[in-house]
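Naming follows writing order (A, B, C and D), and every chain is counted from residue 1.
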Amino acid sequence: MITHLPILQVVIPLMAAPICLILKRPQLAWIFALAVSGLAFAISLVLLQQVMVSGVISYELGGWQAPWGIEYRIDQLNALMLLIISTISTIVLFAAPESLDKEISKDKHTYFYVLYLLSLTGMLGIVATGDAFNVFVFLEITSLSAYALIAMGKKKQAVWASFQYLVMGTIGATFILIGIGLMYQMTGTLNMQDLAQRLPEVSQTRTVFTAFAFVIVGVCLKLAMFPLHLWLPNAYAYAPSIVTAFFSATSTKVAIYLLIRFTFSVFGLSFSFTTVPLQTLFMTLGVLGIFVASISAIYQHNIKHLFAYSSIAQIGYMIVGFSISSVSGLTATLLHLFNHALMKSAIFLALAAVAYRVGNVQLDNLKGLGREMPWTMAAIVIGGLSLIGVPLTVGFVSKWYLLTALIEQGWWPIAVLILLGSMLAVIYVWKVVEIAYFKESSGAPVKEAPLSFLIPIWTLVIANVYFGIDTRFSVEIAQAAAQSLFGGGL
Amino acid sequence: MEILLSITSGLFLFIGSFLCISGGVGIIRFPDFYTRMHAAGVTDTLGSAMILTGLMFQSGDLLVFAKLVMVLLLILLVGPTTSHVLAKAAFHNGLLPQGLNTLSKSDDKEDTSSNT
Amino acid sequence: MLMGLFNNWVVIVLMMSGLYIVIAHGNLIKKLVGLTIFQTSVFIFYISMAKVNGGSAPILSENISLYSNPLPHVLILTAIVVGIATTALGLSLVVRLKESYGTIEEEEIQRQDNQQNQALNKERDK
Amino acid sequence: MINIVLLSLLVVIAIAIIRMKDLFAVVMLTGIYGLLSASFFVAMDAVDVAFTEAAVGAGISTLLMLVAITMTGRKEKVTRHKPFAALFIVLITGGLLIYGTLDMPLFGSADAPIHSHVAPRYLNDSMQEIGIPNVVTSVLASYRAFDTFGEVVVIFTAGIGVLALLFVPRRKEEDEKIASINDSMHEHHLVIRIITKMLIPFILLFALYVQFHGDYGPGGGFQAGVIFSSAIVLYTMLFGLSTARKVINQGFIQLMAAFGVLFYGCVGIASLMNGGNFFDYNVLSDDPVAGQHLGILLIEWGVGVTVAAIMIIIFFSFAGRRELQQHSENNKNRESL
C-alpha cells in the first residue's frame, strides 16, 4: 500500500465526501470528516519523510506511462504543501461543530462537511498532480466548493462576495485553460515535466510568451495578487468563520504553489526571468501590494476585513521573495508560506471564537475583550506579533530570511521598504490590541471561548512560537525544496 | 432505377428546402405572432419531413434508414406539439391576433408580465 | 497564412465579446451569459486546434487512415462539464441575491451595501 | 467553408447578445450559440464534444437560465457601468492573443507539434491496448480516467453547492398545499401532457442506448446522464414538482449522486486491490483488454448515474425555490386584498 500513498492522499478525502453525504447526520459527518482529514495528515507526513529520504516519487495513474497517462509527482515542494494543507484542515475542523451551530442552519451542516472535504481534495489534487490539465480540473473542484462555502455565510453580503469571487475565479481559470491550450499546441504534451523539456525548443515563439502571460495572469487572479485582489477581502470577511480560517491558510498558498510550479518548473528559470521581465514587474507589484493592502487594513472596522487585507500584504512579501529568484529568496517565500499558514489560521480561528461568543467581529464590539476572553485575545495578539515579525515568532524567521536574501542581492532599498511595511503591520495590530485591552467593555460580559476552540487555537499558537525558535524542520524542508527547484527539473 | 431514386429524392429535397426557405421568409414578413408561428410550424414539420424523406431514398443502408424514420416520427410528434404550446402560451399571456387588438383584452392584460 | 490564422482570430473575437459582456454589463444573469460565451469560445479554440485537414472523427475504422486529434476533445468534454457546473452554481447565487437584495443589478447591490456601511459608520460616530 | 459560415453566425449572435436588453431573448440566443458551436464541433470532427455541447449548452444550461429568470425578472437595466474599462481590458487581452497566434501552427496542418507527440499513440495503439473503436472514449475513460473522475467530482460539487444554497426543508402540510395549487395550474396542458407521456419512455431508452453505445460511437456516461435527467425534468415541468418528488425523493437522489462517485472511485480501489495502480483496468480481468472493457463500462455507469442524479438535484432545487417564492407571493397578495 505504501507505493500508492500519493494517490491515496487525494482519493481518500475525495471518496469520503460522498460517504459524508450518505451519513447524513451532521455529528457523524463531522467525526468522519475529521478522521479522514487526520488520515490525510498522516499520509502527508509519511510522504514528506519518504521524499526527504529517497527523493522524487512518481506515480502513474492507470498504469499508463507519463506523457500519455496522468502522473502524480511528489517532490519536496509538493510534500511540504500537502503537509501544510492537511495539517491546517485537520486542526481547523476541530472547532467546526460549535462555530457552525451559530452561523449555519442545522439542516445544512452535512452539506458543509461534504463541501469542506471536496475543497480539501481539490487543493491536495492541485498540489500532487504532475499534469497541467489535471491542475485545471482540481482547481475547479476547489473553486466551486469555495464559492458554495463562502455563500453559506450568515449575512447577505456573503452571497454577493461569493458571486464576485465566482466571476473573477472563472475568468482566472479560463485564462489558465487558454494558457494550457497554447502550451499544448506548441509542444503536444500536457505533462509538466515533459512540457519543461519541450518548451525550451519553442521558447522564442510569441505563442509561448502568450501562454506564459495567460497562465500567470490566471494564477494571479486566484492568488489575489495586488491589482487583482479585489474579490478577497469580502469573500474572507463574510464567509463562515471556519471557512475563513481554512482558506486564509491554504487557498492562496496553493495559488502561490502554482505560480512557483509554472514559472520555475514548467517554463523554466531562464525563460521566466530573462526572456520575460517578470522580476521587475513582480517586485514592484509585490512591494506596492504590501503598502496598499497594509494601509487599507488600518482603515477597516471589521476585524475579518482587517486581517483579510493583511493577508494580501503578506502575499506581497511572498511575491517579493519569489521575484528575487535566488535559492535564498525562494526559501524565504516557502518559509513565509508555511509560517503565514500557521499565524493566519490561528488568528482567524480565534476570530471564529470571538464571533461565537460576541456574535460579530466589528472592532467596536471587541472592547474589553482582553479581560473577558483572555486566552482567545492572547492568541490574536501572538498571531499579530507574528505578522509584524517580532523575534521568537515564526513571522520573524521568514522576514529574516527575506531580508537576508534581499541584502545578498544588494537590494537595500527594497529591504528598507519591507521593514517600513512591517511598521504598518504594527499599526493595524495595535488597533486591535488597544480596543481589546485598553477600552472598557460596553455590552454584556461574555465568557471565554469553549475548549473546542481553545485547543485548536493554542495548538496553532504553540506551533507559531515553536517554529519561531526551533527552525530546523521548516528551514530544512524549505531549503531542500528551493534547491530542488533551482536544480532544474521537477 | 438509380436515376429514378435520385430524381425522387432530389424532388423531395427540393420541395423541403423550398418550404424551409419560404418558412424563413414568412417568419420575417408575416404581420403578427400567430401567422409567423404558422410559417415556423411549416418549416418545422413539413419542410424537415420532406428533407428527411428525400434523405431516406439516398440512405441505402437499413440502419441509416431506420434512424431517419425514427427522427421523422419524432419530428411529426414534437413539431405540432411545440407549435400548439407556443400559441397557447402566447394566447394565455394576452397576446391577441392582429385585428383583434381593439377588442376586449382587458381581462388578460394583467398577466402579461408575470408569467412566461 | 491568412486563411490558416483567420479561424483563430474569429474565435478570439468571440472570446473577447464574452469577456466584454462579463466586465461591462451590470446585470448578473448577463454576466453569467458572458462567462458561458467566453468559455464556449475557448472550447471552440481547443477543438479547432485538434482539426487535421482531410482527417475524420477519431472513431477507428478500417478504411480511414487520417484522424483528427482526440486529446483536445477529451479535455473539452471535461471543460464543458466544468462550465455547466459553474453556471449552475452561479445561477443559484443569483437567485439568492435576488431574494435578499431584491435586484440583480450590480450597481444597485453595491449601492445598498454602501448605504448599509455608511449607516454602520454613523452609528459608530455617535 | 462551412466552418467560416458557422463562425460568422456565432459572431453575429455574440454581438446580438451584447446589444439585447431582454434577458429572455439573451438566454435563447445563448442556447442558439451553444447549438451552433456544437455544429461547429461536428465540422471539426469532434462528434463526442458536439453531442455534449448540444446537450449542455443548448439544453441544460438554457433551461437553468430560464428557470432563474422566472425568479429574477427578465429586463436588463439600461446602464452599462464601465464600458471603456471593459473595452480596454478586452482589447489588451485580445491583442495579446492575436500576437500569440502569429507563431501558431496553421489551422488544420497535419504536421503541427500537437499532432505529433502524445496523440499518435492514442490513435495507433489504443486498438490493441483497449480494444474499442472510439478513441475519445478510450482516452477519456482509461488513459486519462483520473481527469474524468475529477470531472464527475466537479459536477458533484456543483450539485451539493446548489443544494447548500437553495435547499429549503418543507413541512408536509405546506408541501401538500403547494402541490394542490400547482395541480390545478398544470391541468390546462392536456395535449403536451399526453405527448410527453408518450415520449418519456423513448427518451429514457435513448439515454440507455447512448450509455452503452459510447464505446463504438459518440456518447457515453455524461451525455446519457444529461438525457436521462432531461426526461425527468420534462416530467417535472408538466406534472409538478411534488408529483415528481413522489417518484424520486430527495434522499434517494442524493444517495444516487453519492453512489455514482463512489462507484467510479471503487473501480480504482478494485484495481489497487488487484495489484495494479489506481484506475489500472488491466488487472481487473485475466485478459488485459477484457479488463479495460470492464473498467470502462463500469466507470461510464458511475459517470452516468452521478450526472443524471446531480442534474435532477439542481433542477429540483431551482424549481422548489421557485414554487416557494410564488407561494409566498400569493400569500402576500391575498393578505393585501
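Structural remarks
Here is the rule we go by: a contact is a pair of C-beta atoms (placed from the backbone, for glycine too) under 8 Å apart; a residue touches a chain by one contact, two chains touch by 3 or more.
Not measured: the values here are computed from a predicted model.
Considering the contact criterion stated above, the chains in touch with subunit B and with subunit C alike are D.
Chain pair with the most C-beta contact pairs: C-D.
In terms of their C-alpha centroids, the spacing between subunit A and subunit D amounts to 31 Å. Subunit A and subunit C, compared by their mean Cα positions, are separated by 26 Å. Taking each chain's centre as the average of its CA atoms, subunit C and subunit D sit 14 Å apart. Those residues of subunit C in touch with two or more other chains are numbered 15, 19, 28, 49, 71-72, 75, 78, 82, 85-86, 89, 93-94, 96.
With touch defined as above, residues shared between interfaces to two or more other chains in subunit A number as follows: 133, 137, 140, 144, 147-148, 151, 159, 178, 184-185, 190. Chain contacts in this assembly follow no simple pattern; the graph is neither a line, a ring, a star nor complete. Across the assembly, chains come into contact as A-C, A-D, B-D, C-D. On the side of subunit A, the complex with subunit C involves touching residues 133, 136-137, 140, 144, 147-148, 151, 156-157, 159-160, 162-163, 166-167, 170-171, 173-174, 177-178, 181, 184-185, 190, 301, 362, 364. Residues 1, 4, 7, 11, 14-15, 17-19, 21-22, 59-64, 67-70, 107-108, 111-112, 114-115, 118, 121, 125, 133-134, 137-138, 140-141, 144-145, 147-148, 151-152, 159, 178, 182, 184-190, 198, 202, 205-211, 213-214 of subunit A are the ones that touch subunit D when the two sit in their complex.
Remark: subunit D residues 24, 66, 69-70, 74, 188-189, 191-192, 195, 198-199 touch subunit B in the complex. Chain contact summary for the complex, subunit D toward subunit C: residues 3-4, 7-8, 10-11, 14-15, 17-18, 23, 26-27, 30, 33-34, 37, 40-41, 44-49, 52-53, 56-57, 60-61, 64-65, 67-69, 71-73, 76-77, 79-83, 85-87, 89-91, 93-94, 97-98, 101-102, 104, 106-110, 112, 114-115, 118-119, 122-123, 126-127, 133-136, 139-140, 144, 147-148, 150-151, 154-155, 157-159, 161-162, 165-166, 216-218, 222, 307, 314, 317-318, 321, 325.
The touching residues of subunit C, when paired with subunit A in their complex, are 15, 19, 22, 28, 31, 35, 38-39, 42, 45-46, 49, 71-72, 75, 78-79, 82, 85-86, 89-90, 93-94, 96-97, 100-101, 109, 113, 120-121, 124.
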